[in-house]
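In what follows, structures are represented as structure tokens.
Both complexes shown next keep subunit A, but they swap its partner, so subunit B is in the first and subunit C is in the second.
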Partner chain A sequence: MSEEIKTTPLGRLAAALGRFFAYAAMGIFSLMTIYPIFWLVMNSFKTTREFQVSQLGWPKEPTLKNYAQAWEMGEFGKLFPNSIIYTAGATAGIILLALLAGFAFAKLKSRATRPMYGSFVIGILLTTNTLLIPLFLEMNLLGIYNTRFAVLLVYIGSGLPTAIYLCTEYIKSIPSALVESARIDGAGFLRIFWKIILPMAVPVATTVAILNITSIWNEFALINILVSKTELKSLPLGMFKFSGSLSTDYGKQFAALTIGMTPMLVFYVVFRKQITKGVAAGAVKG
Partner chain B sequence: MKRAVLCLMMALAAFSLFAQEKVTLNVFNYQQADQAGYQEDVAIWEKFQKDNPDITLNMEVLFNEPYHQKLQAYAAAGTLPDVFYVWPGARSAVIHEKKLAKDLAKLLGADYLKDFTGAATNPNNQLGRYLAMLPQSFTYTSVMYVNKKLLKDNGFAVPTTYADLKKMVPKLKAKGIGVVMLPNKDEWPMQSCLFSTVVGRMAGDKFIDEVLAGKAKFTDKPFVDALRVIDNLYKDGIIAREENQSGYGEGPGLFAQGKAAIYIDGDWRTGAYITDKASGKALISPAAQASDFALVPFVSIPGEKNPGVLSAVAGTGWAVNGALPAGSAKERAAVRLMKYLYSDEVQAIRYSTGAYVPTRKGVKANVEPLPASLPGFYAANPKTCYVLDGVLDPAVYNVINAGLKAIGLGTATPAQVAADTQKAFEAWKAAQKK
Partner chain C sequence: MARRKKADAEERRAYWTMVLPAFVIYLLVMAFPIILSVVLSVSDYSGGKMFGGEAWGFAGFGAYRRIFIDPYFWNALKNNGYIVLVSVFGQLPLGLIFAYLIYRRSVRWPDFWQGVLYVPNIISVIVVGLLWQTIFSPNGPIAEVMNRLYRADFIAKLQGIFDAAGGFQISDDLVRKILDVAGPAGSGYFSDPVPELKELILSYDPSQLSVVLNDLANLFARKWSPTFLTKPDVAMLPVLFVILWMYTGMYLILFLANMQKIDAQIIEAARIDGASDGQIMRFIILPALSGTIVNSAILAISGSLSSFALIFTMTGGGPSRVTEILSIYMYNNAFLGRPNFPLANAISLVMVLISFLLIALTKAVEKRFGGKE
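What follows is the complex of A and B.
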């Protein structure tokens, strides 16, 4: 029936119109996403004075000075490695611990399973702001304030609730018969985890990685509270130096924001296929 | 051999004495990298470090809300830095109310403080009613930046009355020039830079004190009349309704291009027009600043009770941790740092970058005409009134801010905004009692 409609002139016109509106809508949304980025990058090549008199035009005398000065003033050379350490370290920790916990909650039934699972998952409801001062006091009491260890510990802790929820729900969908057969064959739980669960849980691990890489890379509130030494700070703290509502040096501000934004754009461009697959897999099975 | 051992012991003793004298000061600095004068500010700290090798500065830098969050956390944990940046009012309430900073009147002494203006050293200008911090500046939040040349070219003089402004509308509007520019997309500029002054003129600080004490209401005539003044500014075309779609950052560039005859902002905005050290360019050249522009108070308003008052507030400054032991090496180092930060030398640099006009008396600096005219502006306009966001809680002044924008857009009446404000105030008051 639908094939018949498409072959008639009116049907073809309707289909073409449908495509036109669909592409137009998507085009508008794409423009709304891309234009602010384009505007930011374009203005990062203007001097502040040029920006103040022309905010929409092309730079008349493009300058790279903003980038050099922003890099130096924001101390990005120190902050970039920290961001990489925190993002990679915490993401790896979250994935490993969440998969282990997910395996236990999904496949090892005991009376403690439900309350323990609930105690982790309830963390999803906690907002970061409510934790700031308690965490600061705790880190001071433990004597680990101003250390990379404290940052990694808090990032892993704050990422685990969502990750455990996703991993548990995903691993539940793996047939229990596989685990039971392996047990009959004499495999221990750790071996079952490494040989069976881990290879099958790659899609959800990818989802967890994507969620955490972006959130940890951009995280500001927690690290602001957990460290005071510049040597331990991450990129968002450096970028924040340039984002005041009373700012007057727009050129450097835009250059700093572009520097901070670029790694995530590159990450998306390089891994866009995996990201799309990972999100879809996590969404369907999770 | 014995002599060598003796020499070694003496050297060790001398070294340990020297080592004991070296002090580390934890400083929590409020600094923004994209603000004019950043590089000069960095140089100020480097110079102190270079000139004081016996003091090691361990500095943490933040600004805006994260600064306040962190200061709150430090205060809660009892780990405040030795020297830190503070607001005189509610913004740093925990420091004032819990008396977590040393009394600078005692620490720095009357002889030192006599070189500062009375407003800066008056403890009653601070929330805790003691000198927890020393304001570096006294900020006028409401200044009219007037393009004299543009007015003259169109046959107008610098306005002094509301009627003068109204008279300009037809001619300037026909040429596509605004009379008064006050970008208010961000909502706070109208309240902070104009409405506070209008409330001061129409109602006065006493009225606000009475409202806070529950003896008057925001719905009373003086406050509604003040809102009506803002409403009329839009209705009479003196401020275009489109100003509510302009961001705060856009104002100086547009004003310098002659898009409006008058621009209303705080005195700190003089810094936006002066020569940018990095590019060597100025939004308004020093020559034009001197000949074509002027800073004047907001015009007189029909029905005003307190003519000439302008909204002003004590500025920010430095405080010393109250927990530092009296007479300790740390306290001495903190005092040395404080005296350096408030010295003629440092204050002159801050003045020359357009950061503020210092409260320290007699500071001379090579500044461009617009910031140079500020001391004269202050002297000519000594009567000040509250800045509403300095005396009201955010739960209340945010409603005023949003209401002023709604009036500007023509979607709310003065009476409605007054009622909303009173409602928010009562809700806030009730929450305080719980």
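What follows is the complex of A and C.
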């Protein structure tokens, strides 16, 4: 709206209408997010019987029984540590391997860089979810089906292409003179990596961490075909148990979903700014 | 000279030390499965130990032939197409509009809107799938709202009938009118509707009309039973709605971040020259974002190929397999009923080939738009 138009009554009306529609559109979309989550959490405090009579009302006799039962049935006590191991382990692995490879691709001369870096970049659009069945068969073939190692391996491999792309492009922007002068002072490459590259690459490492923490914590399709033992399952698999035959036991299902959803919501509330930035920076194509 | 050579050797060693771990894992997780799927898709492997178990060997290209004559494959491919269409014509434009509204400060609290609209991307897809499944189900909040409306409407109609009759005056005519309102739920309930319902109503205390109305409403008021989760021809709609709802916030963040990179002075200058919002959008923002938009469209296609968990939890591919997408079609062929591994691997390879086409497309687009975004 230019200032001129705004001063005429009609222009002011148009501006007010525009604002109204802006708020209405944003409001409806936000409500579609906030209300279902609120509704889920609220109903997790009702017994299934009360829920079947009243889905909209406030719980009359709030109960924590659903949580106790869901925690036990879902064996969340086992799943939480697993989710933490997978998320932390794979994220740390991805960051370290991607920074190492990114450093080599960006600052060391080799004819292998072009084809190898190129193959990683192709992998950005080649999602592992298209390989569910061959991956399942491969893990059986290698004898590592139903192991944490297989889960970490697949998660790291799936995260590497994007991470290597981001790290390589970032390290390219670090002045080569820094590396060269350290070389002249007699420092080895690994030492240069630890002392110069790693401290300078904290921003890109943060982006990679944020992208992977959320996606690995919530990952379902891959781990679903990689493990079948409860001792190795992660939270999303535990929550999935409450679909199917248990799906009409609403009280427990809602409690299980609330348990599974809360850690990421807290993570999001705390790191929202970094997550938003990371998503914008990480949406890359090959 | 010797020192130079030594330094080169050291650099080479360092290079491979740093690159190989990542590359080996990458090969194991991406390249090897692709090769395996090529081999197995033309074999007669049917599970069990791959070596030392039951013998298996080359069996021709039957799996591929089967895919292409399988109507379920085309159905799954079509559903993947719908997901792409919802992304390109739903999420992208909505994300762009929301981003622009925030960018030009049409709404206050920009961080709040951005923050809330991104929430669906943060919570597990399992939560999203099960939550929306319940919301759309006959036990969800929509059902309760609708049932209350139906009930209120039903009671109002009966009240009207009683009012017209002048109170608790039960005649065959009145009973017939009530049965009319109740529809099939009413007439189906009795074997001989008119006398039976008449007797039922007469068994009440005439002074408590509201009790009669309430009980009749409990019996006969319409119940909201959503057909869209069980009716095959529309079963994809709720899924697509949830997909639209989920990812719009991601595109909002993407577009907003790139809008904020545009030099604000250019837009300010255009505004002073009297350009309208539409013109600013069309001649400044859209051209500046063209790279991002093309990227997003490509991401949408690869995203549709990798989606699995949402549909797996929301519908499981049902009813009668109409909401299957390629990944679930593949999964069901391997794990549901008798495993058909050659077929599942062939599907996997088809998906990989689509991805490669996509990569080629990206390269072509990159040439056209020039440089990396």
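To be clear about the criterion, the second predicted complex is superposed on the first by the 229 of 286 C-alpha atoms of A that agree within 3 Å, B and C clash if a C-alpha of one lies under 4 Å from a C-alpha of the other, contacts with A are read in each partner's own complex, and residues count from 1 in each chain.
Here is the rule we use: contacts are C-beta pairs under 8 Å (C-beta built on N, C-alpha and C of every residue); 3 or more make two chains touch, one makes a residue touch a chain.
This structure is a prediction, so every number in the text was calculated from the model and none was measured.
Asker: Tell me the contact category for A:211 with respect to subunit B and subunit C: first, second, both or neither.
Answerer: In the superposed model, A:211 contacts neither subunit B nor subunit C.
Asker: In the overlaid three-chain picture, which partner chain does A:65 touch, first (subunit B) or second (subunit C), both, or neither?
Answerer: In the superposition, A:65 contacts subunit B only.
Asker: Can you tell me whether subunit B or subunit C touches more residues on subunit A?
Answerer: Tallying touched residues of subunit A, the top partner is C.
Asker: A:252 contacts which: subunit B (first), subunit C (second), both, neither?
Answerer: Touch status of A:252: first partner only.
Asker: With both complexes overlaid on chain A, does A:220 touch subunit B (first), subunit C (second), both or neither?
Answerer: Both partners, subunit B and subunit C.
Asker: What is the contact status of A:197 with respect to subunit B (first) and subunit C (second): first, second, both, or neither?
Answerer: So A:197 meets neither subunit B nor subunit C here.
Asker: Kindly classify A:74 by the partners it touches after superposition: subunit B alone (first), subunit C alone (second), both, or neither?
Answerer: first
Asker: Answer with first, second, both or neither: which of subunit B and subunit C does A:228 touch in the superposed model?
Answerer: Once the two structures are laid over each other on A, A:228 reaches subunit B alone.
Asker: Touch check for A:49: first (subunit B), second (subunit C), both, or neither?
Answerer: In the superposition, A:49 contacts subunit B only.
Asker: Overlap the subunit B and subunit C contact sets on subunit A and report the shared residues.
Answerer: In subunit A, positions 51-52, 55, 132-133, 136-137, 140, 220-221, 225, 240, 242-243, 247-248, 250, 253 sit in both the subunit B and subunit C interfaces.
Asker: Per the contact definition, I'd like the list of subunit C residues that touch subunit A in the complex.
Answerer: Interface residues on the subunit C side: 10-12, 14-15, 17-19, 21-23, 25-26, 28-30, 32-34, 36-37, 40, 50-51, 94, 97-98, 101, 106-107, 111, 113-127, 129-135, 139-141, 143-145, 245, 248, 250, 253-254, 256-258, 271-272, 274-277, 295-296, 298-299, 302, 305-309, 312-313, 326-327, 330-331, 334, 341, 344-345, 347-348, 351-352, 355-356, 358-359, 362-363, 373.
Asker: Sort out for me which residues of subunit A touch subunit B in the complex.
Answerer: Contacts found on subunit A: 47-49, 51-53, 55, 65, 69-70, 73-74, 132-133, 136-137, 140, 220-221, 224-225, 228-230, 237, 240-250, 252-253, 256.
Asker: What residues of subunit B sit close enough to touch subunit A in their complex?
Answerer: Answer in residue numbers: 31-36, 38-39, 60-64, 66, 69-70, 72-73, 76-77, 79, 186, 248-250, 252-253, 256-257, 268, 271-272, 276, 278-279, 281-283.
Asker: Would you tell me which residues of subunit A are touching subunit C in their complex?
Answerer: Touch list, subunit A to subunit C: 1-2, 4, 18-19, 22-23, 25-26, 29-30, 32-34, 36-37, 39-40, 51-52, 54-56, 97-98, 100-101, 103-105, 108-110, 112, 116, 119-120, 122-123, 125-138, 140-141, 153-154, 156-158, 160-161, 164, 188-190, 193, 214, 217-218, 220-221, 225, 235-236, 239-240, 242-243, 247-248, 250, 253, 257, 260-261, 264-265, 267-268, 272, 275-277, 279-281, 283-286.
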